[in-house]
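Common to both upcoming complexes is subunit A, partnered first by subunit B, then by subunit C.
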Partner chain A sequence: MSAVPSTVHLLFFYFFAAMTIASALLVVLLRNIVQSAFALFFTLFGVAGIYILLGADFVGVTQVLIYIGGVMILIVFGVMLTHNSYSVDIFNRLGTLVMGTISAIVTFTIIYYAIRQVPWRLIGYKASIPTTRPIGTLLMTDYLLPFELASVLLVLAMVGAAYLIRSELRVGKERKDRDKRGAGLERKDA
Partner chain B sequence: MGEYSFINIAIYATIVIGFAGLTVVLSALVGPSVKSKEKLSPYECGVEPVGNARISFPVRYYVIALMFLVFDVEVVFMYPWAIVARALGAFGMYEMGIFICIVLVGFVYAWKKGAFEWD
Partner chain C sequence: MVDHVTVLIYALMCVVVFAVLLTTVAFLTLAERRISAFMQDRLGPNRVGPWGLLQPVADGIKFIMKEDIVPREANRLLYIVAPLMTIVPALLTFAVVPFGHDLFLPGRVINFQIANFNVGILYIFAIAAMGIFGIIIGGWASNNKYSLLGGLRSASQFISYEIAMSLAVIGVLMVYGSLRLNNIAQYQGSLWFGFLPKWGILVQPLGFIIFIVSVYAETNRVPFDLPEAEAELVGGYHTEYSSMKFAFFFMGEYANMITASALLATLYFGGWQVPYLHNIGFIFPGMGMLAMPQWLVAIIEVLSFAVKVGFFLFLFLWVRWTLPRFRFDQLTDLGWKVLIPLALLNVVITAVLIVLRVL
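And then the complex of A and B:
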């Protein structure tokens, strides 16, 4: 265990940090919302790399699996499903810019003071040890209730998904009923 | 193996990205470039492209994506469980069984509500 990170470690850190910051800037600055969404891919990937450099291998892989593999797809789908979202000019109001600047400054001030307040303990840079096994043991013993509650959260997400498209489902059902009544002869054996 | 076991993945990722990038660059440099109207039109499995691709898609795609995300998260919970499952024995099986059953309740609800039907 050494107090200073190795050169390789530093190189990887700067690579992922630069990737995260540059692509996050692109997400904000690009005017095309589809390009912003694709830039977000690189932001999330850079964050995953930083997680792994910090020794949180399970969190890093989860980041790739869920945020890049799932949430990003959801965001791209959201763009695809929204009417006219391709041609929306994001910087069309000055008020948005002013409010954005104020909220950004407030957020960063809070984060800055939070970082300064926490008594950080330096444990040195050691070879990363796999964390999946301890996480599994803790989930199945000490944190069993949160683990089972997580499944309730997943159920809520699915119920919410069904609720989201309720009007679509109703229209589809009515159409189906109408088809059944209207064209009974042709659809009898279908 | 050195300081990080993740160095293997880093090497692998470098080779993959390098190979993909090299292929794109080489084909752009070496390959002949013929630009005709047909060639520049989007490829749709041989079918003539009709209309604009920038339409709003049916909301049902979103539900399928949400369902995928739910089961994606479920699988992530299974990884740490799978590693210690043998040591936990039957107790671990019951724990994961309860977890999966609760998630299945939501799945059956969405199914009965017709979230997976395309008409």
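And then the complex of A and C:
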């Protein structure tokens, strides 16, 4: 429970930090979108590692479960199903490069000052304390409203997605019916 | 404070568990072929060594000696990395599985578990989710339409069944109130109505059925082995793979089966528990007790765990050689329209029973 992290702790921290930053750079710089997605895998994994080093075991594991197990798979799925999207050269033009640099600097500055402003309370380096019980209790008491609002948001997103697909199915069906009716006509034209 | 002897003991345990896991994978491939042969009234491989027991060794040598082909049009880097991304998570998941009661030695407590991780069950789900990534990447990197289809099937199947599986486990977590696999196993030793051991299968029968079906889908086994349906996809995501790279995919699948069986045993069949066996021996409610030394209890518990895992592994093989394969639309229908609603129902029923203090 010392105030100074152990050497092993530090080594792991630098390992995960280097992994996160290097793979994040690869995500941006690689020209092949599937390879970018693959690099993103290591970025998310590195962030999860840092969470766990910080003692946030639940957040760390959830990060892997949701981002790598869900979001990443969906991204890769989308990329692969999009026709030829993986052979398109997606590297940015000069204009977007300038815009990107500016927005990156602005974002970095905001985050930097936000971090400097917060009065951090150092609790020292403890062996992992279970965080699941306090998180569960807090979600069901103090933060019940935001928690429920988040689920409402998710339900909205789900209903929206289902509606979009439904309408596409309906259009597809109408087109099929029309094709069926007009089939004889079209054949005559051809 | 961590002392060096404890570190040494755990390091040794890592080596032993790893060796046992890999050996089990090797012999599971043999068991699969032999048992399938017996089910189909054949003999199976019985020439290498007594009863064919050396067959895995021969297979291993053959895998290493085979030519390792990388297709010219494949994405070379991802093609090589993909098998590793499948096998490493598959072997990592076993780290949090407990296989015995804590051992109290003078001065220290030894967990029969490599890592008594606080969020053990979530850890398994998270790492298993990483394994599926290797399959998708491998399918894509091969630059072969059958491989790609296999990979895509695997992804959609995994996402559908992951939800049902997690929801089924929520029931277990509600009953035992812990994410630590060791605690879950331990609580199953307590008695229900004073005489029934509180095993998961008794308190969560519906959850067990949902979980076992989902686990079969997650491990890509029959009747849900659509990512490698050889009749439709030539070989599935590993069509282009040869030599050790193919072996890694193969070993990953079997290692996942072992972890899945261990999880089934831990969550629903008491893990290492033997009914009425405590740290000091058997205690039968109202009928006296049978004292035993601690080492004997530990051996019995590890054996009990091994027997349970062995049974579920056999069940995997049994199902594979008994049931036909699902069609893909049937598979997704079952996952989304049957298992997920049932799992939600299970959560509600469990909650009501807990409020009524039955569980």
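Brief remarks on what is shown
Keep this in mind: the second predicted complex is superposed on the first by the 162 of 190 C-alpha atoms of A that agree within 3 Å, B and C clash if a C-alpha of one lies under 4 Å from a C-alpha of the other, contacts with A are read in each partner's own complex, and residues count from 1 in each chain.
Just so we're on the same page, a residue touches a chain if its C-beta (ideal position, glycine included) is under 8 Å from a C-beta of that chain, and two chains touch if they have at least 3 such contacts.
Everything numeric here is computed off the predicted structure, so don't read it as measured data.
Because the two structures share subunit A, they can be overlaid on it, and in that overlay subunit B clashes with subunit C.
After superposition on the shared chain, subunit A has more residues touched by B, the comparison being subunit B against subunit C.
Residue contacts after overlaying the shared chain place A:Leu139 against subunit B, while subunit C stays out of touching range.
Of the two partner chains placed around the shared chain by superposition, subunit B is the only one that A:Leu164 touches, whereas subunit C remains out of contact. When the shared chain is aligned, subunit C comes close enough to touch A:Met72, but subunit B does not.
Looking at the shared chain after the overlay, A:Gln35 reaches subunit C, while subunit B stays out of its contact range. In the superposition on chain A, A:Leu81 makes contact with both subunit B and subunit C.
In the superposed model, A:Thr62 lies in contact with both subunit B and subunit C. Once the two complexes are laid over each other on the shared chain, residue contacts for A:Phe12 go to subunit B alone; subunit C is not touched. On subunit A, the patch touched by subunit B and the patch touched by subunit C overlap at residues 57-58, 62, 65, 69-70, 73-74, 77, 80-81, 86, 128, 130, 132. Of all residues in subunit C, those touching subunit A in their complex are 75, 77-78, 81, 117-119, 122-123, 125-130, 132-133, 136-137, 140, 148, 151-152, 155-156, 158-159, 162, 179.
Those residues of subunit A that touch subunit B in the shared complex are 6, 8-9, 12, 52, 57-58, 62, 65-66, 69-71, 73-74, 77-78, 80-87, 127-128, 130, 132-133, 135-137, 139-140, 144, 147-148, 150-152, 154-162, 164-166, 168-169, 172-173, 175-176. Taken in their complex, subunit B has these residues touching subunit A: 3-7, 10, 54, 56-63, 65-70, 72-77, 79-84, 87-88, 91-92, 95, 98-100, 102-103, 105-107, 109-110, 113-115, 117, 119.
Interface residues of subunit A, counted against subunit C in their complex, comprise 32, 34-35, 38, 41, 45, 57-58, 61-62, 64-65, 68-70, 72-74, 76-77, 80-81, 86, 128, 130-132.
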